């Protein structure tokens, strides 16, 4: 498994505040989600990867290049879409992306050709000929993404890319991120507070807290199934059904209209179907209980 | 077709609506913001959804008395909102934009808001302390707002909207920029308020958040009301798209052929890599009714059943027609 | 026929090295600057002094050749002394020098105006629209960023100063058809180009430093105006006070009471001579022009072109008693030019420091 980036014992302080505290981590290529509460050092870590800030101690490598000495090379291979709104002044969409490409070192002709290509890909049609100051939030996010991929980076860093977008726009951006990372071989570092977005795009997550690594791993492995626990929803009021299940030896936890059922040992969900057939109940939802990414995250934060 | 979708389906008829719009329109010059909107919002948490430009901000501004309706009547707690500052005692607003006095500390800000709503000094101090504690900002409350992160600002905004214990709460994108910890805390607060019988209207673009807060929604598009009520009931009313029901089973192909023999099944899609089938039907009730018997048939043990389109995202997509 | 993938394509082109990165920034900025209507109008207006310069050099060339084309306007040249018109070749250097001097004097003011239009926005707009993360997350050093921005100003000033100088030189050469001109005046060409560079680097870095201080371009424009005009006015009023002080000294030397007003008008003719001598001496040590930014640049221009020497040799054409008045009227300040050079270097250093501290490439806690 190839390494996307690796940090060894990185410490970075700003005066009295320690943003990164002996952070050590190795991340494989692919789509990686970066999670952490506010102030956990995510932004500082991203800036460290980009070689934008010097660290007090520690070493690191991104795509095999050293962050202390080969910073310009690293930035040539990375595309970064920052969280805040950012624009080059006084250009139209095409000019924006072309300029972004020229700043990486592309020639004007290459940058212009490529900018139309990526603007097609992110879905900015005729709007690309309008001044960027007139764009809506969704269009600005797409523009940011386009300018980050114009030079075909190996690693794309997205910081809260769906901020302020309506549901249609959010779906589009997530679809683009998924396509780039799963189908086009671009590694992705996706930093977001919206856990379902991270889940929709990434396979691997990294959780930071107070400048340290709290947990990392594949999402599928971190979200374990809970053995004999099932979530059940019925058409009608579930309380009678719940009583019946209890009498058959199950443990029940009733929340809103969802039943959390723990089946006794050696029983399968057929037990529930049998009871439903007997009682003429409709089962509208039956799934083994798995922790959500939110639970994984909150659990990781609680660890000492 | 439209009126059929906008019935009020939640709860009993004699519950008085807390926020009520009656044929309200609002235009800015020639541009229409809200178009003949009639809406009643009951107690509890209600989600306000819609694509960009649908009129959500206009609706919130009309409901809080910041805008005057070009047509129609807006009432909150059975009083007209316009030019009725006394009503502000019982209304709380958490706006989308950040408009703080950056030099104030969080404590100052919430305390001032409390005093501005008419509370005497000591009660205001208690209320401010309590509210700041409930949003989790006690640790930072003495610092200037200038140094706050986005999540802290959102919490402070929430505190300011709650400190005078309002009966009606309007929240415009209350969770942007908050990390999952703060999100959980704020969502708990919102749900608790809904449970206490207050009316909370949450406007948001983030559908899974609204879904975890409440199943009751109001959907706007182009300044008009598209649908209102419980998500699943709205889904039932959408005729255009058949329901998708996912069945996970080891013998999925056998299950598929069994299911195809039923009249009301319109289509079956096989997802081999998840060993499941997706059934399309316009009579979900009948389908679910037959399911337990099917599950007990020889060799067909159905491991999971769930519908992948009776959630908010699917309803939104179907109604707003991407 | 296969169907082509309309989705994302990879790109494997060549990327240029770091040395020319600043050029991309310069080209982008020049294009943006030319979008401004007033900039275009000013560029056009800046060419009329250039035409005047070219005309003057051409006329002198024709005069040297005693060409017929010149006959009609010889009358209008009567303000020049007869000796000059009689032997134009001897005074060629002086005329060329002083024509360039006047031209560059006007162009300096126009340059200040041009910088007022394009300068303040250069960095403050990037800060306002938050473009800095976009710049510095790319393989770009701060040096490339500053060089690129400086290049924008240098390009515009080159259009306004350097290009007309060269073109007028060539025209003057063509009109006189005398290759010995080059031997006499090539220094002028080099000096004027060098001067253009000095102005663009000094004024450019100064306006960049100002631009990095605020998000609001209007304040910066006002500040720039302040530096230009207010410092000029301050120096001028100090000069005025100084000359009055010297006049009073002159009165006292003649053992007379200096009157309250109209010090100079009330002087007798011999006293005026004494006053003029004192003024000429004082000029060599007068530090007051150093306060005005433009005057510093002018002093360097005079030193590069040698215009003070030109005026002195022209003064010899006048009878001795009139010489000091002639010099006082026309010759510029004569304090050592390296004083101005130090002031400008100091400003250069200050600007560089300000830029270094203001534009930190993102190394701060959010």
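A, B and C label the chains in the order they appear, each numbered from 1.
Definition applied: a residue touches a chain if its C-beta (ideal position, glycine included) is under 8 Å from a C-beta of that chain, and two chains touch if they have at least 3 such contacts.
Computed from a prediction, not measured in an experiment: that's the story for all the values here.
Asker: Using the touch definition from the top, list the chains contacting both chain A and chain B.
Answerer: Output, common partners of chain A and chain B: nil, no chain qualifies.
Asker: State which chain is most central when centres are taken as means of Cα atoms.
Answerer: Chain closest to the assembly's C-alpha mean: A.
Asker: State the chain with the largest centre-to-centre distance from chain B, centres being mean CA positions.
Answerer: Farthest from chain B by mean C-alpha position: C.
Asker: As a quick test, compute the distance in whole Å between the mean CA positions of chain A and chain B.
Answerer: Computed from C-alpha means, the inter-chain centre distance equals 24 Å.
Asker: Cα centroid separation between chain A and chain C, in whole Å?
Answerer: Each chain's C-alpha centroid was found; their separation is 56 Å.
Asker: With chain centres taken as the means of their Cα atoms, state the distance from chain B to chain C in Å.
Answerer: Spacing between the chain centres: roughly 65 Å.
Asker: Would you give the residues of chain A that are in contact with at least 2 other chains, written as numbers and ranges?
Answerer: none
Asker: Using the touch rule from the top of the page, what residues of chain B touch 2 or more other chains?
Answerer: Counting only residues that touch two or more other chains, chain B contributes 149.
Asker: Pull out every residue in chain C that's touching 2 or more other chains.
Answerer: 366
Asker: In the complex, go through chain B and note every residue touching chain A.
Answerer: Interface residues on the chain B side: 49, 51-52, 149-152, 176-184, 205-208, 285, 288-289, 291-293, 295-296, 301-307, 313, 316-317, 320, 322.
Asker: Which residues, counting only chain A, touch chain B once they are in their complex?
Answerer: Residues 35-39, 136-138, 163-171, 193-196, 235, 268-270, 273-274, 276-277, 281-288, 294, 297-298, 301 of chain A touch chain B in their complex.
Asker: Please name which positions on chain C make contact with chain A in the complex.
Answerer: So the residues of chain C in touch with chain A come to 6-18, 21, 24-25, 27-28, 32, 35, 121, 125-126, 128-141, 361-366.
Asker: Taking the touch rule as given, give the residues of chain A at its contact with chain C in the complex, in rising order.
Answerer: Against chain C, chain A makes touches at 14, 17, 19, 43-44, 47, 50, 52-54, 72-73, 75-76, 78, 80, 82, 84-91, 99-100, 102-108, 110, 114, 117-118, 120-121, 147, 149, 151-152, 179-180, 183-184.
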